[in-house]
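In the two assemblies presented below, chain A is common to both, partnered first by chain B and then by chain C.
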Partner chain A sequence: MNSITSYARIKNNSVFVNGTLVFSADTNLNITEFLSEAYKKLSISYPKYHKMDTLCKLGFLCAEFAIQNTPFLEANNLDSIGIVLSNSSSSLQTDILHQNSISNKEAYFPSPAIFVYTLPNIIIGEIAIKHKITGENAFFVSEKFDSELITNYCEMLLQNNTTALVSGWVEINETNYDAFIFLTERKENINKNTIFKPLNKQIVTELYNT
Partner chain B sequence: MVFASFNNIISSLGFSTLENYEAVNKSIVGVKKRILPFSKEEFCVSQIENDQIKSRFSELGDEQLYTKLEQLSILSINDVLQKSGIDPKDSRTLLIYSTTKGNIDLLETPQNNLIDTKRVNLWSFANTLQNYFNLSNTPVVVSNACISGILAIIIAKRYIEKGLYDNIIVCGGDILSEFTLSGFKSFNALSNEPSKPFDAKRTGINLGEAVSSILITNNSKLASVYNTQIISGYSANDANHISGPSRTGDGLYHCLKQLNISETDSIGFISAHGTATPFNDEMESIAFERANLSNVFVNSLKGYYGHTLGAAGVLETVLSLESLKNQRLIKSEGFEEIGVSGKISLIKEHQNNTFSSFIKTASGFGGCNAAALFKKL
Partner chain C sequence: MDALIEKLKGQIIEQLNLAEVKPEEINPDSPLFGEGLGLDSIDALELIVLLEKHYGIKIEDPKDGKTIFQSLRTMAEYIKANGKG
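On to the complex of A and B.
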């Protein structure tokens, strides 16, 4: 059986882990300011974080909150852990930054440091690098969070060579942001007091909506 | 069983698979030096002629209502629907679209007001295709850098094996844009001459535009003349660097190892990613050697088409299927002298051969890699 063993949610300048509020900041902070505060809350030192674009920072932090304080990485072979993410706007906010850097022929400064982030799967790469996770990858784009798409694909992978997954939704658009990452493992809910939940569409929808 | 079947390629070398295969078989290179509308400098690219698109699309719809990529995608998917006879409205039929940048030109050029700029969103682009073909299922969009195309084919196989669909059309597409050209240029990754994958004198990538479609099906009656199964396919991450591959080819090796290649597979060739950047080709050669594939022929089709991004994995799979069907090995265009340290053997001339399978691989930004094994029954 496949169980969701941990999940994190970042929205409205708040971070929830397994449904519990672990951090919140003034709602007047913009996303950059908020993510900077949330990073401090994690108490990690990771210089690569500061080079990331905002979308990757959001996805990276959400994954950190979901993984921190769990035995997830120790309990699974790193080459059997997959990362499957999705969103609505792909990398559009960074695409616009790159477009702006080339729209004026008099001030034409395309930058590799920006261009590399004009692909949504770079979030997967950043999470993979941090934890040395080398299994399956996929990035899907759907209008809204599609629990059926994600759940179905997670199930397909878990029938194959994948034993655990980091999956979810990492979205930034011009007006809002929203991240939801959950960890799935091939585990039974042995201890009834754990927060483990079965992987299925209803549960994933429920966790996303809380 | 999952079959890779009816297909189409639209590129600078033609509007059908047959036109493309015949051009490549005559060693015609689609990559040329061109001055593009947005730049005074020359770029070496593979470009589809606009008047060709216009005359062909006029039979299918009003060009005012569709972007260039939408027109090309409609043409390509329509060709597969016609050839296979499958019903796009059937609830057991799905479209999976593979792209890196979709309608990215909606960010750069002023459009007519009949095209909503929200179609720069990949899901909205895919909805336009859904509406055109009256597809009953919302298309699945895969955007995973340069492995998108082959990954979309692997995903299609998994969907069919799970029993969710019977017929999946995988379409991959990307257009030439100032957006991608300026970005790759800023990386110093572009070659000013036709690219030379795996060659000692390779200097980088050519970009190209293309759309390619393929039917993935569980119906042996639709297997067509190819009669070819997708045996296995996997992706893996290097977990090393976001814009450079693992020096030791870890991710690609991990994919190849999982393919479970057997003695009886009689692999004719590996259709490699082969972008002609120094690091990519070197990495691939090391991964192939590590996977004990040094004695298997290798080609890269980037010498003909340049790097067609989200289309590449589909286009190169389709051309490889044609190669398998014709029992003909396609020369790795641009290759003269080995310029990688892993022991591999490139196909130097077109030649007939007897073989029953091939491997398609790809690698991309974000440390991603993918490989799949195709075998003729």
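On to the complex of A and C.
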């Protein structure tokens, strides 16, 4: 039995954990300002966070909110935890920043710190580094959140050596942003925890749409 | 030299996104890598870009970086000896 044991949602300058609003900020704040406020809400000190690009910050924070206050990391071997993420725009925003830094031959100063974020799966790396997670990982690019793809892939991993997963959707495009991270563990809901939900396409779609 | 060190502190904080570090917390003689500011290999590349962008200094051999970027003071001394800006 695979159970979704926690989930977080970040959209419209609000953070929801297991369906409950835990933080919201003025909707006039841009994404950078909002994420900075959401980071403070977590009450963690992680200097590397400030070096991340906006996409990584969004995915990192959403994962932190999903994991915080859960026994997820203690209950699973770190080498058996996988990370499966997806989005639509890949790392396009940072790709554009990098392109701008190399488009003028008179001011050709590509930034290594920007260049390292020109792949979307770096979000997985940032989450893995923070928590020393070394299990399976994959990043999918699809037009919109594909709950069937993610659910099927998660189930396949959980049939093998993976015992737990950090999965979801982390998207930033020129007009909007949207993050949804859920934790799945290979365990039954023996304590009848109301947050626990079975891993299947319908539930994942339902949680994403809340 | 002190003015250059102070200027470098601001530039490094901005260029390397050291948002939780205040200029007064940076000891000019502390190591930039490992202990001290705890910079990493990507930061080293950013420092090379910083020297070129702001001071017109191109480090041809990356191995020289080990000496130049020992501390803020060694960096400032190198800029003073080789800089155009």
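In this text, the second predicted complex is superposed on the first by the 209 of 210 C-alpha atoms of A that agree within 3 Å, B and C clash if a C-alpha of one lies under 4 Å from a C-alpha of the other, contacts with A are read in each partner's own complex, and residues count from 1 in each chain.
Please note the rule applied: a contact is a pair of C-beta atoms (placed from the backbone, for glycine too) under 8 Å apart; a residue touches a chain by one contact, two chains touch by 3 or more.
These numbers come from a predicted model, not from an experiment.
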Query raised in the report: Quick one: chain B and chain C on chain A, clash or fit?
Result: fit
Query raised in the report: Touch check for A:47: first (chain B), second (chain C), both, or neither?
Result: second
Requested in this report: Please work out whether A:4 is in contact with chain B alone, chain C alone, both, or neither, and reply first, second, both or neither.
Outcome: neither
Query raised in the report: With the two structures laid over each other on chain A, which partner does A:111 touch: chain B (first), chain C (second), both, or neither?
Result: both
Query raised in the report: Regarding the shared-chain residue A:126, is it in contact with chain B (first), chain C (second), both, or neither?
Result: first
**Report entry** Arrangement angle, chain B at one end, chain C at the other, chain A at the vertex (C-alpha, nearest 10°)
**Finding:** 80
Requested in this report: Answer with first, second, both or neither: which of chain B and chain C does A:137 touch in the superposed model?
Outcome: first
**Report entry** chain C versus chain B, contacts on chain A by residue
**Finding:** B
Query raised in the report: Nearest CA pair across chain B and chain C in the overlay: distance in Å?
Result: 7
Query raised in the report: Where on chain A do chain B and chain C both make contact?
Result: 110-112, 116
Query raised in the report: For chain A, which residues are in contact with chain B within the complex?
Result: 78-79, 83, 88-90, 92, 95-96, 98-99, 102-103, 108, 110-112, 115-116, 118-122, 124-126, 128-129, 131-143, 149, 152-153, 155-157, 159-161
Report summary line: chain A contacts chain C in the complex at 45, 47, 50-51, 109-113, 116
Requested in this report: Would you pull the chain C residues touching chain A in the complex into a rising list?
Outcome: 16-21, 38, 42-43, 45-46, 49, 52-53
Report task. In the complex, go through chain B and note every residue touching chain A. Result -> 100-102, 104, 107-108, 120-124, 126-127, 138, 140-145, 147, 151, 155, 158-159, 161-162, 164, 178-179, 182-187, 234-243, 250-251, 254, 258, 364-368
